[in-house]
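Encoded as structure tokens, here's the structure I'll be asking about.
Just so it is clear, A, B, C, D, E and F label the chains in written order, and each chain counts residues from 1 on its own.
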């Protein structure tokens, strides 16, 4: 506790995810004054067809697929 | 802002998802009076083994798999 | 099914929420070809101290509180 | 209603998921005094690279992968 | 781990919530073969104006408010 | 994008929440290589009766209420 859910596009590397989850755990432990051991982070990934911003699917946005 | 998470069975087409995310964005912008540009929609899909209604997995329900 | 969770700042009127939930239900039923009767929408509200964009709490942003 | 989201590591069998969703539905119906028919459960799975506890990705923990 | 989020209308008693969270923990431990000690349950409540089914806010449905 | 939801017990100060949301935004921007401006964090709080660990409601655990 707490539990942190990160909603993001799929495609990050294992290392990026590893570092992000460690960093989120550290800042939650620091600022909410709880032991890191109980903090859970889960990254809920979506492909570019299943996520949109401003009404446009990421799959339909210019730039790398 | 706001962020909209849609929990649904997997299997929709790209076009269905595209239209749904656009339509959700439009109605949120309209009814919550916020700019569409900041509205995010993510569809969190589950396969039929990982979702149930009334205690029955969708995989165990009659009808198309 | 599906279930739609809307993460938003608190402060909308009852009427705004009523219309948004109806409109989201309608577009989900239309685009995902499911009966409206089974669609659930829940608005998960946060006060301005508990939500941020770009690293700034909404409570710390200029404009109406 | 209600809707129950279970955030878990992927890798459970179909039978485990089937039983869990039935059991969750039963206890929600019992303790919240609602008809089971309207209760939805969705299991949101993450691979071991996308979930951490105590700042360590499950992929980096000793034990079966 | 796992983490279970229950989206429900507000209004349940402390005792109902206590029993539900215990029961959910027990069935998750049993069926997913994990220690109960690590299982977290959070009930995310909404008032009747902020939740709908079939496009109708619960606040607008007949029956007890 | 991404969007980060933090499920936590209520009771943190405004300053704790402000710092946590800023810190989460910074580490997400750094490790997922995205502009901070688009990152949203929402803290979804539960009172001690509505959250449990190991099957015990936080309201029933010894220690400060």
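In the analysis below, a contact is a pair of C-beta atoms (placed from the backbone, for glycine too) under 8 Å apart; a residue touches a chain by one contact, two chains touch by 3 or more.
What you are looking at is a predicted structure, and each value in this text was computed from that prediction instead of being measured.
Participant: What chains touch chain A and also chain E?
Facilitator: The common neighbours are D, F.
Participant: Counting C-beta pairs in contact, does B-F beat B-C or the other way around?
Facilitator: Counting C-beta pairs in contact for B-F and B-C gives the edge to B-C.
Participant: Could you work out how far chain E has to rotate to sit on chain F, using CA atoms and steps of 5 degrees?
Facilitator: Nearest-5 rotation angle for the superposition: 120 degrees.
Participant: Averaging only over C-alpha atoms, locate the centres of chain B and chain D and give their separation in whole Å.
Facilitator: It comes to 19 Å between the two C-alpha centres.
Participant: Quick one: chain A and chain F, Cα centre-to-centre, how many Å?
Facilitator: 14
Participant: Got the chain F residues that touch at least 2 other chains?
Facilitator: 1, 3, 5, 7, 38, 40, 42, 44, 51, 53
Participant: Judged by the touch rule stated earlier, which pairs of chains are there in contact?
Facilitator: A-B, A-D, A-E, A-F, B-C, B-D, B-F, C-D, C-E, C-F, D-E, E-F
Participant: Name, in rising order, each residue of chain F that touches chain C in their complex.
Facilitator: 3, 5, 14, 17-18, 21-22, 25-26, 36-45
Participant: Which residues, counting only chain C, touch chain F once they are in their complex?
Facilitator: Residue list for chain C touching chain F: 7, 44, 46, 49-57, 59-60.
Participant: Where on chain F is chain B touching in the complex?
Facilitator: The contact residues of chain F facing chain B are 1, 3, 40, 42.
Participant: So in the complex, the part of chain F that touches chain A is made up of which residues?
Facilitator: Listed in rising order, the residues are 1-9, 12, 16, 19-20, 23-24, 27-28, 30-33, 38, 51, 53.
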